[in-house]
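Pasting in a structure now, in structure tokens, and then I'll have a few things to ask.
All chains are identified by letter, namely A, B, C and D, in their written order; residue positions are counted from 1 within each chain.
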Amino acid sequence: MLTILILFLTGLCTMFASFLPNKQLPKYLGVSGVIIALVTLHLRLGLGLDFPTFFTMFPLTRIVSVVALFLLLVIFLVHRKYEEDYDWSAVYSLMLFSTCGVILLFGQRNLLTLFLGIEIMSIPLYVLAASKRNQAVSLEAGLKYFILGSFASAFLLFGIALVYGSTSSFVLDEIMSVQENYDGQLPAYFHIGYIFIIVSILFKMAVAPFHFWSPDVYDGSPTVVTGFMATIVKLGSSIAMYFLLAGFFKSQFENYSKFLLPITAFSFLLGAILGLVQNNIKRMLAYSSISHIAFVLVAIILSVAMNDQGVFIFYLMTYSIASLLVFLILDYLEQGNSIFLDHLNGLSKRQPILALALAIGILSMAGIPFTGGFIAKYRVLVGIYQLNIWIFTIGLLSSAIAIGYYLKILNRIFFYENSQENVAIKNNLLVGVVSILALVIITLGIFPELILQVIHSFFVA
Amino acid sequence: MHLILILPLVVAIIAFFMPHKLVKEFSLAFSGAFFLLSLYVLFQYNPLNYYNFTYYNEIFLAGTGGSLHLGLDSIGVLMFVLTNFVVFYVNILARNKSYTSSFYGCVFLMQFALIGVFSSLNAILFYFFWELALLPIYYIVYQWGSGKDLTKAFVRFFVYTFVGSLFILTAFILFAVETKTTSFEITEMAKNSLAGPTQILFTLFLIIGFGVKIPIFPLHSWQGNTYRKAPAEGTILLSGIMLKMGLFGLIRWLVPFQEESLPIIQKIILALAIFGTIYGAAIALRRNDMKLIAAFSSLSHVGLIAAGIFSYKYIGFQGAALQMLVHGINIVGIFYIIDIIERSSGTRYLSELGGIASKAPVFSTLAFIIILGSIAVPLTNGFPGEFLLLMSVFMYQPILGAIAGITIILGAAYMLRVFQRAFMGEVSEHVSEFQPVSNGDLYALGFIVVLVFLLGIYPQYVLDLTANGSQYLTNLLELKNN
Amino acid sequence: MNLIGFENYLWLGSALFCIGLLGVLVRRNVIILLMCIELMLNASNLLLVVFAKMFGNMNGHIFVFFSMLVAAAEVSVGLALIVLIYRKFRTIDSSFLDKLKG
Amino acid sequence: MILAKILILSPIIGFLINLIGGKKLGKVSGIIGTAAVFISFICALLMYRKVLSTGAYDVPLFTWMHISTIHIGFNLWVDELSTWMMLIITGIGTLIHLYSIGYMSHDKGIGRFFAYLNLFIFSMLMLVLGGNFIMLFIGWEGVGLCSYLLIGFWFKNVEYGHAARKAFIMNRIGDLGLLLGIFLCIQTFGTINFNEINSIAAEDLALKASGQLGLFQPYIYTAITLCLFIGAMGKSAQIPLYTWLPDAMAGPTPVSALIHAATMVTAGIYLVVRNAALFELAPFTLDFILVIGMATSILGALIGLFQNDIKKVLAYSTVSQLGLMFVALGVGAYTSAMFHLTTHAFFKALLFLGAGSLIHAMSGEQNILSMGGLKNKIKLTHLTFAIGTLAIIGAPFMSGFFSKDEILEKLYNHSPIIWGFALASAAITIIYMVRVYTLTFSGKFRGTKEQEDHLHESPSSMTLPLIILAILSVFGGVLNLPHIIGGGSSQKMAIWLSKINSLKSIPAHVNHLSHSMEIMLMLIATALVVVLGSLSYFKYKKQTLAELNEPRQGFSLWGEHKFYVDELYHNVFVKPLESLGDFFFYYLEHYFIQPITFGSYRILYSAGKLLRIVQNGNIEYYLVYIAIGAVLVLSLSMFVF
């Protein structure tokens, strides 16, 4: 709970810091705030702020929040300086508030924390998406996200109401116990309620039938925000889904696994096929994240079926690190508000290290060995093979198709002549951070257990 | 042993960041050193115990059932030497061309990946190195490849190789899940066996996966214009070693797990492989571009090797191991010759060539001997391997053996046609300003000629080496079948 | 005390929710969309209160407070966005906002 | 032991010296080459004496390949048959090397020429001395390779190159047959060593003789022997695979003399004789050989009748003589076939060398129509050529007479019809040989002016071998005199050869011909020679240039065009193969495999385009999609599952 508090306070300070003349102040405040939060996590300080029925620190929550904070730290450190009138202090504070919501989700024990977490996470995002006020595209993205987001949260609230109606409590354990011993006599509307909740979280994760917002919003909003959305927000909503499927509605496994698996298959194919035809890279990555999230959903179902969280966490981690790396680099290549394939031409000749790091990130998303992505996909595929052979084949097929468009990007980076003027990127901090991230991905590929053990020993044990 | 594996990686990384000027000498020296090292390993290898130089470490790839488990068995050592030989020759050939340092880095990365492929005893590790080997060659072929529309060839090459490797992954997953083994060590995998239908699936997937690389007949169409578009060094790497990866995969991962030897699949693949040999030879007869002829000729040679393996005979494995080494040497020689001709006369099309023999007699005699080697004339290295392979196919099925025999006739026909058009006859205007071939190239070709005769007259050394390797395979097959 | 049975409240709540849902799907004006979403939210608040009354514990009521809080925050942010959009596009008809596509 | 090693090594050393020092040595390389072969000749003589005294012995060199049960070693097997063949090869080889020093003196590639000749001698010796099938096969293909190099020696000329390639490929087809035979041997006998195979065959023969069942079913023997015979056909230019021999005349004449007359073409017969025991066990194959041999000999003779190029005529006569030898083998008369092989080597080499010096004198002119009346201009060549012609047509008491007569006698013994056919082919031989002789030497000179004054006798280095060969052709018959004339010392060669282990197990054929019958046969043969010889001599003597040049029709036109066999092969085998290649490449590559890769890529791309329209950026649609999605999920989970 303390970490959320600290993040909230830093958010406030950065908001007020905008009145002070020093332009760099919000950056320093943000960074120091996140570091303090990380330290508190390490020292396992509770300060008595513990509400067992609302929010508890599971080992899972610790690991995932460390990852989330690390990602946030990287975003704060390394994002590109946008044009003058871009109000960074507001962006920092909104990002911090949204991360509070995300961490709230990580440790939820109660439907209320779920609802609050989702709302705290998404409301700042609506504004973030529209943060480039003078660009119509960003505004449109913001509005779209807002309308669809609030529509989904209406579903969520309705679902919670119905579930409360049938189980007379919000707390996780009580709902589970009610389901176990009254399984037969639960009123009909319980079922509707639980489906509505799952649907709204599916929407937040942008899984296939509910994904329509993500390509437009990813493309419209500024790349830093897209980066934030693609990594930390996806992390939050996936953990929320995990708690729903593994926690609240664990006993409904047969029921939801039957309709969730076709959804994942649909989103595998959709993400892969639509990705092929794009030439705007942000949209392409949006579709690729749709198919990745389908993998995450499959991993969640797997972890419920075999109650082993390892596969799920590992996949989430590799995916978020890889997409952060890619979005950070794309942030620097952005012209106007979107990046087209030709902007990447001959990148290897302009910035060799950046090109290499981007290549490693893309390879990890494509799932090529020696990168984390491969191990993650491999473990999910091995698991799903026992569960359902069709999903296995479709998953394999879609990753094969996806390799097609990942290679389009690689092809542009290495083999096309340099058509862009050489915009000198002097930010060697970026180069440093990016190469560290690339190394992390490679080590995830070669020594998969290493990183998790380090975090576990450092933060959880 | 692990020292031998890691070294190329270290050198690759250094080569990537070397300044362009001195990277050429640096990489030539290192590849030479690796070749000598590999010869030392070869002579020090005792064929008796099955896996030499094993190195085990489990934190690597923990959790996925994989582990860093390397070991060179008899056929692995041969391929290890061949890899270093080919990389050494790539550097020799590249010394008179100006390549950036990332080219040399890729070459050494290839070497690292290939040694990994030949020495890994763990299925996942094998798949790791297999995929890693695809990246640098894809980079070399398309960064320095000539030819107009690279994207078309790129789509074909990449769709084939990557989709192929996905099949291999599925096969391994299928094996692991069906037999409930957690670890992918070859020793454990060999113990248990698969039930009927999954066995067929497992074999089919592996055949498709390796077939793309070998290439067996229907999966070969990437080979034609990839060879044509790739730079000479790229083709040498591709034809010299990459084809052997597929074959080695067959021997290492497919044969030991063959259940009641599925006669239907074995027959189909054998027939396909032999049809591939005829197919390749027939096409090579009429093509005008030397590189294409060499490509289809290696398609036909390799098809015969695959047929040899699939006849599941002791002689077949011996012949295949020997012929893999021999084909590697010959094809490197042939592409070296094509490169020299292209460099000196500016064209590699037979219609524009002629009369090189009168211009460069020593070069043409060396070229002739290498061509003899690839036609499998006795006393050259081609003959013993081809003899054993044809015998094993003949023992399996006499009619198929006879059909496979036709390739030695067609082989002679198209190779001599190449020699005829390019070397004999009147001096064509392209060849008139044929610069004299440099001594360095002549010594390189000379070394290959020495190898051609050495293996031709005394193949027994290689046969002893692979004796207990193939014996192990045949006992495994008998043990599993009856 | 409960003159009319709980089921009827249940039907009322879901009826309200469906009306809001239809409103969102049909209308093109963004502000009307917002109002319909508010309607849906209040429908679920109603249900929450009814269930709280049914079970007799106070959880439902507390939850309603939180949900109203959230709804308010959402609306304020939404309206700010709509003002910005209006200043930019001179219209708030959702069918015009389709530059982002494909 | 050392003798055998020297015998093998000296040609190789000669080859290496000439190859490396080829350019610089010039004429000296000729001397080195001849010396190398001469040393081998002497070793052959010494080995002959050794075999005479101690009998056959084995010289193991090193193990070439040892796989599970099969042990293939490099070992030389020296017995009566191989010494006999060695003597022929090295003897005639030395003479031809001597001859070609003069013949090739003006050619600048002389070093390379002698290197290839020495390599040829080496591989021929390997073939003959080989102790097992693999050694034989190595020699077999080595000889094919050398013939490719030598035929295409003047590589500037493209036709010669094509002829060389054709020869090599035809030989390769034969080699494939031989290879399949070797595989069959390994499969059935488990060994490829000649002695072991012959002992198994001998055992089987003994069993068969005593009526029991043999060790192996008969069809295996037929299969093995058929494959071996296909190999022999390829090498010794029998019916289906003979078209390469006439084209092989593109090489220099000494090459044709050595390879295409004396040694290489006899390899086929050597192979059959070496495994005679096997062939005995396969009666079907023997008849097959008989038929093929007969057909080839008649066809060769017929085509030879209408050829105008002197070397082509001699080539076709070789084809027909070889056919005759195979007929002898078919009948089981192995020793008489070997005898005819030896005498044929003498007089055919003589004829070729004679033709060579003729062409040398006529400064490269090979067409007999534009020669004539050279009788008194190049006396020595004329004399030796005349002796050669007399020998080949079987004039009485010449070597040809004895060997051909012995075969005719054995044929008559077997069945009169075959004897008739053989007599017919002998008759045609008489006609065309005398035709060649008369057109070149008698009558008026039909050549051009400067050819006439260029006419001169060839230097001594060329005429010396001619004289030696002439002597051999005359007295060759003495080696194997028939009983009637030779009396006590007759059939010396037959006794000598029957000692080899493949022949000693064969029951001798009963000879139910009475003495009078033999004499009568001889008389018929001599009568034929006298009558036909004089007839054709006078016919061609008075033929004027006009008559000779008028175009031919009907049968003779056919004959001149070699019965269109070459064209037949071209359209039946070569063209369809090439069109198959094109078909594979253009159709199969583009229409069969292409769509798979690109088809899938295009389908996905169009699917992508379609789906893209759904994402049309309009919020209402999104809301509607989400609502439909939610309803769908709800109904799915409630009712379906």
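Descriptive notes on the structure:
Here is the rule we go by: a contact is a pair of C-beta atoms (placed from the backbone, for glycine too) under 8 Å apart; a residue touches a chain by one contact, two chains touch by 3 or more.
Keep in mind that this is a model prediction, so the values were computed, not measured.
Looking at C-D alongside A-C, one finds more C-beta pairs in contact between the chains of A-C. Relative to the centroid of every protein C-alpha atom shown, the closest chain centre, again from C-alpha atoms, is found for B. Centroids built from CA atoms put chain D at 100 Å from chain C. Put simply, the C-alpha centre of chain A and that of chain C have 27 angstrom between them. Mean C-alpha position of chain B lies 68 Å from that of chain C.
Chain A and chain B have Cα centroids separated by 44 Å.
Across the assembly, chain B contributes 159 as residues in contact with two or more other chains. With touch defined as above, residues shared between interfaces to two or more other chains in chain D number as follows: 601, 612, 615, 617, 619, 623. The multi-chain contact residues of chain A, meaning those touching 2 or more other chains, are 143-144, 147, 151, 215-216, 404. Pairwise, the chains that make contact are A-B, A-C, A-D, B-D, C-D.
Taken together, the chain A residues at the contact with chain B in this complex read 310, 368-370, 374-375, 378-379, 381-382, 385-386, 396, 399-400, 403-404, 407, 411, 414-415, 446-450. For chain A in complex with chain D, the residues that touch the partner chain are 143-144, 147-148, 151-152, 155, 191-192, 195-196, 198-199, 202-203, 209-210, 212-213, 215-216, 254-256, 258-259, 263, 270, 273-277, 401, 404.
Only residues 601, 604-605, 607-609, 611-612, 615, 617, 619, 621-623, 625-626, 628-630, 632-634, 636-638, 640-641 of chain D touch chain A when the two sit together in their complex.
Those residues of chain B lying in contact with chain D across their complex are 155-156, 159-160, 218, 220-222, 224, 279, 282-287, 314-315, 318, 355, 357-358, 365, 372, 377-379, 383-384, 387-388, 390-391, 394-395, 398, 401-402, 405-406, 408-410, 412-413, 416-417, 420, 423-426, 457-460, 463.
On the chain B side of its complex with chain A, the touching residues are 59-64, 124, 127-128, 131-132, 135, 139, 142-143, 150-151, 154, 158-159, 162-163, 166, 169-170, 173-174, 176-177.
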